[in-house]
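One chain, subunit A, appears in both complexes that follow, with subunit B as partner in the first and subunit C in the second.
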Partner chain A sequence: MTKLDPETRIPDPIELDAIEEARLRAAAGLAPIRSSTPEYAGFDQVGIPDRPPQTEREREVYSLEEGEMLINMGPQHPSTHGVMRLVVKVRGEIVVDIDPVLGYLHRGIEKLCENATYTTVLTYVDPMDYLATMHNEHAPAIAFEKLYGIRPPKRAEYIRALVVELERVSSHGLMMGFLALDMGGLTPILYAFINRDEIVDMQSAISGQRMLFNFFRVGGVNFDTNDEFLSRLGTWRGHVLKNIEMNERMITDNEIFRARTINMGTLSGADAISLGVTGPNLRASGVPFDVRKAHPYSIYHELEFDVITQQSGDSYARYLQRIAEIKQSIHLIDQIMDKMPHGPVQAQVPGIIRPKPGRAYAAIESPRGLYSVYSISDGGPNPYRFRMRDPSFISLQAMPKLMPGRLVADTMAIMASLDPVMGGVDK
Partner chain B sequence: MDFELLLGLGRFVLATTLLLLLTVPTAFVVIQMEMKIIAQMNLRFGPNRIGPKGIFQSTIHGFKVLAKEDTVPDQADRSTFTLAPWMVFMAAAMSMLVIPFAPGAIAADFNIGIVYFFAVLGLSVVGLLVAGWASYNKYSLLGGLRSAAQMVSYEIPLTLSIVGAVVLAGTLSFSELIAWQLDHGWLLMWQPIGLGIFYVSSLAEVNRTPFDMVEADSELVAGPFTEYSGMRFGFFFFAEYVALFIMSAILVSLFFGGWLAPWPFPAQLGGFAGTLYGIFWFFLKTYIFVFIAVWLRATLPRVRVDQLMGMAWKVLLPLALVNLFITAIAVVVFDL
Partner chain C sequence: MGRRRALSTPALAGSLVRLLTERFGSDLRDLGTDEDTVEFTIDGARNIEVLTALRDDPDLDFFMLADEAAVDYGLDAHFEVVYHLFSWKHPAWLRVRARVDRSDPRIETITHLWEGASFHEREMYDMMGIVFTGNRDLRRIYMSPDYRSFPQRRDFVLPDDAADSPAAGVNPLERPETWDLSRFGDGSR
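And now, the complex of A and B:
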């Protein structure tokens, strides 16, 4: 064993790498790499990318006039709903332009799914829109059933509808809380979490997981309902409306809340349609489009419910729309529990599914809007192409339209009213 | 050097030391109240680990900030960055000098105590503005400018709202004002509009919800405090909660009879027991208003910055002027 001379300096591997890379680059005749810490550009230049603008839009956003400055909101900001970056161009406190920068949570879920078998795809889509995990699984399950040419048993369809409606109640309930939180109200979010916690307990009783359920299967669901689930559902149903009302009392008629949401971020129906905004945000602008009604899937054609719309299309309308939809969902849950048939919850499918070559498209109404899946099979055990349309991503496109002329304080309030989930936006 | 001067100096040193020492436990108590009460209102447990029922949680927080690393941003203006927390903290601590805790327990019973109080408390805006500027951060800058706009605007209705009371009582000294309230009843009954304006503006002046524009955690991260850490942040934090206590104390002194006990009890006692009696009632009333401020924080969302300014200039200022006008006429007509 050789003894190290105490004077010997052990080189840092990173440093060695850098030296080696510089040597190789010099040998290959390439320009040396730029220093990793570029010179500080100055207060006004922070946020401007250090490359020439690549699109017309980029040139517009990142050219500053006298008296304007850029604020980087995020990706580490208390209220960007995950890791999103908003480059806000302000003149004083007034927002001139806004550029949402995405991709901080990109995990390549579509590509992951293309490398997974049809059964395991359903586990990969879970963490997309993490407030509507059941919905994430619903659309691929339907698409793969179409590809494979089977239909799940009736009872499985009812259980699916039950869990997704529960999820919708919890997601919309949280939106109420987050909207208030982004305006500085501390309490509604915690009241909202009481409701969500009970729903999560229920879902954990039926699926064994609390957040990423992995509950749906191609051709059915993983488990049938059990006693714990049903008893929790009964208790929850007894006081859920009271709970929602308790939270509503904190928010709906609050003068400050109304002053900050009414006529704020108004999205007209025509604009919403041309931007492709769907779901509660679209219905709050007065367009009665609900996938459950327009293109019924699962068992929604057997259930009775209304497509509620608001007229004004502002943040307040989007908030009221969520509350109205919570009540509709609870109404749906009641019907589902009344009509729930007996029978198996899983159709007969092989362990590895190999559908015939073909294409399938399935769209569902997630709490954030139209969530759809387009899957192409080449006859192999995994999808040849798997594409997801996430409604949050589309909703965010409305931000640059809604923001100009508003104040910095409104950016977060308007964004919260659109209720995006970054896990879904970045996939 | 004569004996009188020495006595005066000694009294001054004792009073300021006691008051500076008082600020720290006051901040701890108010922060603890805030944590625990908001938790209960949110249907949470709140702090419940350190000490019985968690009552030492805020103390531990205080020591924690002492132990934290104190960082200064590279581009920050180091000298002003360091100075800003002191300016804010000293503004709060110095305004404690004129608070009338009990008969014989006022650090400095100026004949212009009310003017002194508003002058000194207004200094904290300088500290916030400096902090916002020196941090070299856009959130801090916006927060600092907001604080300047907000506090300058609200200082006017705040001061005007008590001019009515001053005209009525004919004094600018806190102890004489309380003596007047002993004879004529609490000013709450004489100046209800003034009380309303004062309460709203005082919440804005100490940056409490629903007017906490300055921090606005969901918009500006932490406003002018964004880049501060360690004890410097601690000083801002302390100053803020001490200011809340002071505003409640001044509200009590001006409109709720200060150390005077409410009706079924004897209003005040003589001697040393009287001082303790006064301190008891004074702190009780003050903490009731601290509680109300905490309650508001748990209940209300934040108003927007333009709505805030609009309220100061369009509603509170005219109302304060009308109140002053009516009071002045009443004083002349009824010879009060």
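And now, the complex of A and C:
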């Protein structure tokens, strides 16, 4: 190997940035941001902000005691489930505190929706929680129907429930894969994506899109079921339980998986309610709250199902809860297919609707919990205020509660068991 | 299909309306119901009192905060902080609308009732500039810490000159020119 002459070699761009930053900071009279303390060398260390702490909590996180340091995870980290940044305060290998820093994917969807007509709002909400796109459209559709005073035809309601439950199966299936992936098991995610792809093909057959469907309309759905969709559904239904069983055999009794999930990140029911955690995470802590039962929307009052709960509230319970809900959703899909009536799938609604002034609140059970929309009409063609409550945004608040005392390596394993999706967190 | 069909109000909401009138009497304004929601308006200053009663009264038992959101009713009007609550005992969502003065947008935090309100309140502060007194962590959540405007207010001007927007500058800590950096002296970290 030839030795590079330090004078003539081409400098690394990162190095240039560091030199430039140091020069600018020196010119502004600020201290260098990167630590030169030898024992921390090589870590991705976070500097303390160059400004007074804005809040009590910020002061708490960013003031260090002897032996503590701040490290940075994300926003581009292979297992942060999107662009999310965590500032982790550690003492050696133990997490002391954690501060989620959000906003790297913020698109201002609420503001966009306030400038769009009611029909086009349903396209803007798609990329919110991108693993549960049908659910994202469901709540605004219900809210706008309440505002406009119209009900979709019966068959449209059944098709809605069908695609929404399919989406739940695919989303929960992916969570199982990601949870194993964050513990170093690469195989389950590949099988999870095979299973998801079958559902995506079905959704593509019925809506024409693979991910951002734009399938729901105010007063119905875009298309009726077709032959391709039904034949794919039949094939999928024939072997889906076997596939899930295979995944279960791969993960559920795995020694490493159990060691890293049982008694990890335990959340009590009372804490979960106080923190606003909903959905499977809340039911895994033993609270039987499911919007489909608590406030039946769409046709869920016509279907037979029980609210499943687990008792222990740890990562393992959250995983078992997902598996149980997948099976329950398949059971619901069977009932929906049996009961589906004939008829139109779209009520007569003009392209631009102008609801009477008023307010409407619609909540649904998304795979991540209570997803709700609060919409205000002032009589114009677009919503005066359009507010979305995303479940994974609120569930993230549990992180600083669950982490302290755990190892750094368990941060991602516990976070994956809460199953947040950054598209929804950052809106 | 049934265009503009009138929606029925469930008779079950009636008992909740009666109960609320008994408990709060004349404090409630604009008590109303729609398809599956009961709503009323209160003064922003009384939010803790009313929400604590709603949560802790065994007959009402609204144990879960479903949503907390802010609405801007325009320059010559007011802000509104809207709470949606859930109870097993009443098959209706409860919407509590608390009025906040637009010239001095302050309201008491509810993080001691529901810890999960913290992110909601940070978002409302970030987007609307409503200050929740007593919240331990009232930082911006989506925008960067040195951003100086409130994008979901009705008077938000184009993003190019957001800092000149009349909605800028509720919190003096967001004005970098006022920061005293000398305290962060040698900054070995």
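In this section, the second predicted complex is superposed on the first by the 381 of 427 C-alpha atoms of A that agree within 3 Å, B and C clash if a C-alpha of one lies under 4 Å from a C-alpha of the other, contacts with A are read in each partner's own complex, and residues count from 1 in each chain.
By our rule, a contact is a pair of C-beta atoms (placed from the backbone, for glycine too) under 8 Å apart; a residue touches a chain by one contact, two chains touch by 3 or more.
Keep in mind it's a predicted model, so treat the numbers as computed, not measured.
Superposition of the two complexes onto subunit A shows subunit B and subunit C fitting side by side, with no clash.
Judged by the number of subunit A residues each one touches, C leads among subunit B and subunit C. Legend: residue contacts after superposition of the two complexes on their common chain; A:I194 is shown touching subunit B, with no touch to subunit C.
Once the two complexes are laid over each other on the shared chain, residue contacts for A:I273 go to subunit C alone; subunit B is not touched. Look at A:I299: by the touch rule set out above, it reaches neither subunit B nor subunit C. In the superposition on chain A, A:L212 makes contact with neither subunit B nor subunit C. Look at A:D410: by the touch rule set out above, it reaches subunit B but stays clear of subunit C. In the superposition on chain A, contact of A:V307 is made with neither subunit B nor subunit C.
Minimum C-alpha separation, subunit B to subunit C, in the superposed model: 14 Å.
Of all residues in subunit C, only 1-7, 34-37, 39, 63-67, 69, 71-72, 82, 84, 86, 88, 91, 93, 95, 114-120, 127, 135-145, 151-152, 171, 173-174, 176, 179-181, 183-189 touch subunit A in the complex they form.
Put simply, subunit A touches subunit C in their complex at residues 29-32, 35, 37, 47-52, 54-58, 64, 102-103, 106, 108, 110-111, 146, 148-153, 219, 273-277, 289, 294-295, 344, 347-349, 358-361, 363, 370, 372, 374, 376, 385, 387, 389, 393-394, 396-397, 426-427. Residues of subunit A touching subunit B in their complex: 40, 43, 46, 69, 71-72, 77-79, 93, 180-187, 190-191, 194, 250-251, 254, 256-257, 259-260, 407-412. The residues of subunit B lying in touch with subunit A in their complex are 38, 41-44, 74-75, 136, 138-139, 142, 146, 209-210, 212, 216-221, 297-307.
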